[in-house]
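Input: structures, listed below.
You will see two complexes here that share chain A, one where it goes with chain B and one where it goes with chain C.
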Partner chain A sequence: MTALKASMAGTVLNILVAEGDAVTAGQAVITIESMKMEIPIEAEVGGKVEKIHVEVGSFVNEEDTLLTLGE
Partner chain B sequence: MTKTSETTGYNERLEQKLATIFAGGHPKYHEKMKESNKLFVRDRLNLLFDGGEYVEDGRFANVEAGDLPADGVVTAIGKINGETVCVMANDSTVKAGSWGSRTVEKIIRIQETAEKMQVPMLYLVDSAGARITDQLDMFPNRRGAGRIFHNQVRMSGMVPQICLLFGPSAAGGAYIPAFCDIVIMVEGNASMYLGSPRMAEKVIGEKVTLEEMGGARMHCSVSGVGDVLVATEEEAISEARRYLAYFPANFAVKPEKVAGTVAKAGRSLEAIIPENQNAPFDMYELIDQLIDEGSFFDIKKLFAGELITGLARIDGQVIGILANQPKVKGGVLFGDSADKGAKFINLCDAFSIPLLFLADVPGFMIGTKVERAGIIRHGAKFIAAMSSATVPKISVVVRKAYGAGLYAMAGPAFEPDVCIALPTAQIAVMGPEAAVNAVYSNKIEAIEDPKERLKYVQQKHQEYKEEIDIYKLASELIIDEIVAPHELRKVLSQRFAFYETKDLPMPYRKHGVFPV
Partner chain C sequence: MKKILIANRGEIARRIIRTCNRLGIDTVAIHSEADGDLPYVSEATEAVLIGPNPVVQSYLQMDKIIEEAKKRNVEAIHPGYGLLSENAQFARKVTEAGIVFIGPESSIIEKMGDKIESRKTMIEAGVPVVPGTEEGTRTLEEALEAAAGLGYPVMLKASSGGGGIGMVRCEDEQALSQQFAGVKNRAKAYFGDDVVFLEKFISDARHIEVQIFGDHHGNIVHLFERNCSVQRRNQKVIEESPSPHLPQDARERLCAAAVKAAEAVRYTNAGTVEFIVDKNNDFYFLEMNTRLQVEHPVTEEVTGWDLVEWQLKVAAGEALPQQETIGSKGHAIEYRIYAEDPKTFLPSPGKLGKVVWGKGARIETGYEEGNSVTPFYDPMISKIIIQGADRVEALAKSQKFFATAEITGLKTNIALFKNFIESQEFISGEYATAVLPQWMEKTKEEKKI
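For the complex of A and B:
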């Protein structure tokens, strides 16, 4: 299990995957809006999306967990 | 070696002494080195120097002790890329590369040699730290280990100082890398820490692995003490040789210009830069279109990726590039990116390497977390370093340059030799969305009909954009030039060549009070 964390504080703009989806390392999975910029959050490792912890519009702080990836 | 008479046999005696010295420590330690993919110190030096040739000082240090060949450090003079350099290299087969009194004296002497000759100083570190049994002879005295760091600080900015970290750099020894211009670390073997994991467990009760606490990857991506992460010792050595090619021997001479090459084949800048100011793109792709192919030397690539810092060549001329990376954290500046930028500017300015700023920056990060972490004083470091740099500085506004982001990226007030805007540039205190919200929020909220409200907001956005139109700024002489993206490389090459003779007198004072 790997937790994918927010690289900076902002608002969740888009969620590009669903629970159960397979993702590859480097794939953009969530977009955060911060400082009026779109910030792509990429999976650091490949795996299956186990749980998405946020919804569109949620405020997240730096280091908050966005989703968890399983094997 | 020529045979000498049986009575004295002086050459034979010398030969025998040399053989023990060249053999290094006990064979079991050589075996251990091999197991961890580490090279013996003399093999490292053979790879480092042109033709593997060098002369050595203090080779016979502690020769009488028998088991301390060269007292665990080789200090040598040789050539890299045809230029003279001085080197100190720990031998970790000898008492784990620990420092005794002669080890320290040898290091101090080779530093003094580098300073007298005004040539680069390289530190090949692989050492367990002080030999506690010898502490009174090597730790607190005038020519004890502290003098090594004192010398490093005095020599900083005078000659390039490079650290190649092959193994541990422990406790006080960890300051050798810290005082160098650049630290190259071998993943899996190199580490830096003030207290070992064992000590941390005993003293503060923390259980942690060496990799987590002081490993190469951690230092190159989290703490920022490391600059370049490599997979092998051979790669560390070739990167050090490549790095040195960008530098003059000392501060008084300029970096050498070589024959240039063309930029890498790829998309045009027009295709790379999105017109939507808020959409991400990869700044590395843009840099590739400006510089000679294959000439980029990335510094702190894995640390604070929102700001790219690296050495490069344009038509053979050495430059230092600072570029915001919109793909990482939107290119917003943080405390770590400010530190990264400040150190890089200091490095380039010390050795007459002109600076190119590529701005696409929404500003410095805001919010509780960064304010508590002191983003203001970190930002001040960056701005102070940029402002004090006297080398040629070219500022290019690629897209947005908002707020103090414009200042940090050598905006017009900081005397860049030229401030160039691409037609996609947008310079303002803040972006249109934020500005309209800030100024008209009461009026916007007072409009009840959502359609009317949207119309009002859009109209205000439009007015704001007209107010900060790039031709208006050029007309007011705020920016000096507007250049079509595909012409930027040519313009930069011409301008850096023109500014080569720039020479500014230093202000009359001892030194500024540098923000930290």
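For the complex of A and C:
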């Protein structure tokens, strides 16, 4: 299991995947809005989305876990 | 005027408070929860918590802000820049509440906020505009046909857009086809209106704007130009006045066109007319900003006038000085310090550790050591304005300033300025709007070798 963490503090603008989806490394999975900018957060590794820990509109701090990826 | 409310935050709220203090005007600051510790809140005569951190729940709460203004008996509201400053509905509501809106009439804000409408107004007034579509392009087919007529590359723009959001450069038919729906959706999401239009992309162009001012007695004046071509993500990073390599006759024509543009809408208060200027010094109207600009200190340094004071005077019905009495002396450059990665330009919110500035600059800052730059608002920390007898002196002072400038605790673009102001591109003054990304690309290549 790999935890995908927020690279910076901000508000979750979009969740581009659903639990159970297969994602590839480099694929944008969540968009965070920080300082009036939209920042796509990409999956560092490929895998299946096991759990999404945030929802649209939630505020995240840097290093907060956004979602966990399984095999 | 005895008391005003400032419907803004950070450095611009602080800047307005400073002039108000000098003029003996009381100020009411509004702030979100996250901004309670910022200097502007304690520096205002009164302060009120307006709401939670997201702007829609705080700084964009029109009715709540107006209610506070009434309760606290203010005579006028200053909107600053950004936020509600170019919101015609807010200006109208303020006026209807019997409070003076420090800015132009709501009908002017409305007209100039609509890019298609403002282009039409300028064409009628005889001000040259960038070749483009006269109306919005509703479908991709319409856009492709229009683009073929204009010639690629083209700029696809949201009519209600601004601040660098809602505009994309399209190199060819394929790019336009790919971008069309996205820009339309983005325009709808950000500005509530999905009308888009096309403009021809003018290459090697400079972005030069003219500061104008109008009073309620029919006098419209200009305060010369600012070159704002050093940009990243279509947003300004460095501005200077006078514009280097702009011949005197071109400068005069540009300023005259700006006054003509302002006269066409019987403009009042502070405004800026933005132009694209090509290699031959031919210029085209881009848009009009119906508010005080971020970069107004550049103009204040070369003209010697306090533009916030002018805004207050015009709002109170006083007359502006005549054009002949307004001069420009020396050279001024403004650098915007952003909380961002100097290479990727990605935001870097955080807490300010040590803040060390160099000497010989005017510093406009919304934050001091220990304050947090939060992810809820714009990444701008401070503006550094450096003035000299001429450009050479202003550049020398800039280099000295940035040699010792340092901010710890978060990433800033100070490191970028340290290098960029030593570059031939910037020193020569012969630069266009692509200068910063091009220079970064070049230095990256050189490092590889």
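Just so we're on the same page, the second predicted complex is superposed on the first by the 71 of 71 C-alpha atoms of A that agree within 3 Å, B and C clash if a C-alpha of one lies under 4 Å from a C-alpha of the other, contacts with A are read in each partner's own complex, and residues count from 1 in each chain.
The working rule: a residue touches a chain if its C-beta (ideal position, glycine included) is under 8 Å from a C-beta of that chain, and two chains touch if they have at least 3 such contacts.
All of these numbers come straight from a predicted model, not from anything done at the bench.
In the superposition on chain A, contact of A:D21 is made with neither chain B nor chain C.
By the touch criterion defined above, A:K36 lies against chain B and chain C together after alignment on the C-alpha atoms of chain A. Legend: residue contacts after superposition of the two complexes on their common chain; A:E44 is shown touching neither chain B nor chain C.
In the superposition on chain A, contact of A:A9 is made with both chain B and chain C.
Once the two complexes are overlaid on chain A, the chain A residues touched by chain B in the first and by chain C in the second are 7-9, 34-37, 39.
On chain A, the positions that touch chain C within their shared complex are 7-11, 33-37, 39.
Those residues of chain A that touch chain B in the complex are listed here as 7-9, 34-40, 61-62.
On the side of chain C, the complex with chain A involves touching residues 54, 339-340, 346-349, 374-379. By the touch rule above, chain B contacts chain A in their complex via residues 278-280, 326-332, 334, 362-363, 365-367, 369, 431, 433-434.
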